[in-house]
Amino acid sequence: MEGLTDMAPLIEVKDLAFQYSAHRGNVFQNVSFTVEKGEMLTLLGPNGAGKSTLLNCIAGLASPTEGSVKLNGEPVESYSTRRLAKHIGYVRQHIAVTYGYTVREYLVMGAAPRIGMFSTPKEEDYERVEEAIVDLELQKLADRTVSHLSGGERQRVAVARSIVQNPEVILFDEPTSALDFGNQIRVMRTCKQLVERGYAVVMTTHNPDQPILLGGRVAMLNADGTLAVGDAETTLTSERLSELYGTELHLVYVDEVDRVACVSSKL
Amino acid sequence: MADDKPKKKKLFAEDVTIEGKKQVPLGIVLIGCGIVVIALAIASLCIGRYSVDLQTTVAILTSPFTGAETTWTPNDYNVIMNIRLPRVVGAFLVGAALALSGASYQGVFQNPLVSPDILGVSYGACVGAALSILLYMNTWQTQIFAFVGGLVTVFITVSIPKFMHRHSNVMMVLSGVIVGGFMSSILGLMKYVADPDTQLASIVYWQLGSIAKIDSDVLCYTAPVMIVAAVVLVAMRWRLNLISLGEEEARSLGVDLKRERNIIIIASTLLTASAVSIAGTIGWVGLIIPHVTRRIVGSDNKRLIPTVILVAAAFMILVDLFARNISGFEIPLGILTGLVGAPIFGYILVKQRDVD
Amino acid sequence: MPGVASGLTYEGNASAATVLPNSPGTAEEVEAAFGRKVPAWVAVALVVMLLVLVGISYAIGRFAVPVNELVSGVLTHFFRPELIDPASAAYSVEAERIDRVIFNIRGPRILLVCLVGAALACAGASYQGMFKNPLVSPDILGSSAGASMGACLAMLLNLPGFYIQVFAFVGGLAAVSLAVLLNRLVKYDPTLGLVLGGILVSSLFSSGTSFIKLVADSQDQLPTIQFWLMGSFNRVDSDDLLLAVVPLVVGFVILMIMSWRLNVLSFGDDEARAMGVNTRSTRLLVIFASTMLASVSVAVAGIIGYVGLVVPHLARAIVGPNYKVLLPTSMFVGAAFLLIIDNIARVAFAVEIPIGILTAIVGVPFFVVIFRNQMRGWK
């Protein structure tokens, strides 16, 4: 058993297809890719391409119409919700909290998969929370109410909760789409740090610049519902991006920052 | 757009935390509340049309344990032990049950505006209990009927917004108002077919909400059920935090949502039904007390739930004390909690705005 | 968020979906947006249906008047008054009996049932449009609870019928004003604050009612209050009718005049303001008129729930969302609905069942069935 889990990729998505209802057709189909331990994968695609649905399929929150998702060689359906949560963390785009939990109270909820149904967090769980607070420099926010935080602060708090949860892979659903430019960069930096610490990160975005910045692998979800996977440098080409977004885009090398950037032509 | 969505949802989010301040340790809060409850309970035992002085009361109360020699009249003993003590215990249990189920409903439905009475559960339980009175059933069966009535009601109330694909706090409140009103109408029908000489009076009187009838017999039947349900809810208090984050968040944190939600709803409904079956519909306690308590200990259910029990008990004992002593006749508790609860809720509503 | 507001699309029913354009700029465009033509036969059918129901109401129950006698009785009343004049030579005892039943016993009751049904439905439709919420009903702001308490107070003081109505109206108005005032203090979005304020005020006033019941004389006053609260047309007479007609008509007229604004309001506050509609005064006027309708209904017939909730949905299923058509349709359907219920209450059982109980028991299942087909339009 141990050998098997060592051999199998962390996440293996095979021939995945999804449709909401029969007459509306597939959102995506023939989607196959793998995510290895400690790897960064960016899911790139225009709005409505089904990126979030794909993440939900991986997280076991949505059932694919066809195909399979395997986690450590076992189908995700065979995992209980609790066991799945020990392996997969999920950071959502909008974090709406109905009650006025403080950041500390919110963070300790990350420990839920390891806490019994009739139990409450122990001392060591709170210690993990303090570590995560230091990790993500949340000291100033720690006693504030989550629902009073700004979008960027909330995003960081959600990441910290995932660290408390300590899964193998953290899924990010459009973490940057609601943030201003500075916060977008900060979130991506956090993602990169997570990968450096050994977490696998799967992040969705509709901004083609981000996979280039992040490095790692990119999976491009095309408008026709198919997927192209590979390294950012080889997979992303001006032609493919232009076709994907239906507008003229160019990949240009920018001297000052020593990297390739995606820019549009004049309007 | 960034903050638009959460803000929209937050319109009546209960955002109370003691922001920036260090929280008072839970133990101290509980001890403080416990002292208040005990003080009020003893006051409630002493005060009344037939008043008993403090020393005598304490002596009578402790006599089963100390075996102290009798320095009181049999009348004193009777009033304290057989009339007022069951009543105070009843007030404690009913208040705690309503507020505890209120706080649990608020967590499980992610909606700070719900409570046993707003969801209509109290009225549904009332219908069940009234039915059992019509069928001349005993206390035990009344409780089962009340529970089934409450469970059916909570199911209908929650289904209406789901059915309409419009999930918002207001929709659930409105749905509860409609279903509750419906249940009251059915109750009206039952009153109509009830035997006016025997059953009608007992239904009407008990529906208004009173704990005057509580005796040790009734307590023996209901208290164990309430305690079991309360223990379950207290044990699961931290799960309420997780569930209150919403369906998807809870699931990705490993919560077995269906099972845990069902357990909590059943336990809460059981508490409400038990409270209703011994004391009728007493409104507002289940809504107000959790809100007031959040102002004391914050929103974390780990701290909130135990505190709610004591605060509600204190409130209920106090209200009962007033109900007995404020005028020549006894005022039904439901009326008093309405007159006190509605203004408090208004105050919270107005105050809430300042917090945002 | 104008996007959300204008995304509100009503659909008459599943087959005829009308998607509103995003930004109506002018009155014409609003008209066009709601431009589902309602065939004339619908109006005719509604009127005929109501007339048939009136005929049936006369023909059943105690003092039944079959249709032929009804027609001849009405003709007699207006064209041969000598038949019913005891002083004249042509006086017929039988004709006078029928005339009394038609105009003094059954007539006021039927008319009042129709008026109250129409009032509740009309107020309900207006509220649902104003709050943009399918679950609100005319008593959501506490008008029924307030009116009940007022009326109970009058009964406690042994005041005559006229004062019961006045007290009921004042009570209803006071409750609603309190709810509106609370909403002003709270300054939430209009729907949530008003709804919460209404629930709060309702509860407060029903506590008051309970208190009145408590101090009422249990031999004499309590049964009267108790029975009256459950709703009944059992004891209405032509005096009640006269008292109720004026405020009801005023309420109807105000809401009819506001119907266009209700159409505009359904696009959302921002759009409405952009079109020059004063949303605040519109709201206050609609609230005032609806309160008047609801309170008068309570004053004459006690609490009758669910008519204002269910009937507008039924009407919307028939004629679609245009308030200019929807309000009159709601009135007709409401009148017909309550007339049927009142007949059941009167005839179906040995003793008369309180009508408030029946409307709830008939109304709620009805409500669920209608929603099956209607709900898509409210998303």
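Each chain gets a letter, A, B and C, in the order it is written, and its residues are counted from 1.
In this section, a residue touches a chain if its C-beta (ideal position, glycine included) is under 8 Å from a C-beta of that chain, and two chains touch if they have at least 3 such contacts.
Everything quoted here is computed from the prediction, not taken from an experiment.
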Between subunit A and subunit C, the fewest steps along chains that touch one another: 2
Chain ID, smallest distance between chain and overall C-alpha centroids: B
Remotest chain, subunit A as reference, centres from CA atoms: C
Centroid spacing, where centroids are CA-atom means, of subunit A and subunit C in whole angstrom: 54
Rounded Å distance, subunit B centre to subunit C centre (Cα mean): 35
CA centroid of subunit A to CA centroid of subunit B, Å: 42
Interface residues, subunit B side, partner subunit C - complex: 4, 8, 11-12, 113, 118, 160, 163-166, 169-171, 173-175, 177-178, 181-182, 185-186, 188-189, 192, 208, 283-284, 329, 331-332, 334-335, 338-339, 341-343, 345-346, 349-350, 352-353
Contact set on subunit C toward subunit B in their complex: 1, 133-137, 140, 182, 185-189, 191-193, 195-197, 199-201, 203-204, 206-208, 210-211, 214, 230, 305-306, 309, 353-354, 356-357, 359-361, 364, 367, 371, 375, 378-379
Residue ranges of subunit A touching subunit B (in the complex, touch as defined): 59, 61, 80-86, 88-90, 92, 94-102, 105, 109-110, 112-113, 115, 117-121, 143-145, 147-148, 150-151, 154, 165, 178-180
Contact footprint of subunit A on subunit B as seen in their complex: 1-3, 5-6, 9-10, 13-17, 19-22, 107, 110-112, 232, 235-239, 241-242, 244-246, 248-249, 251-257, 260, 294, 298-300, 302
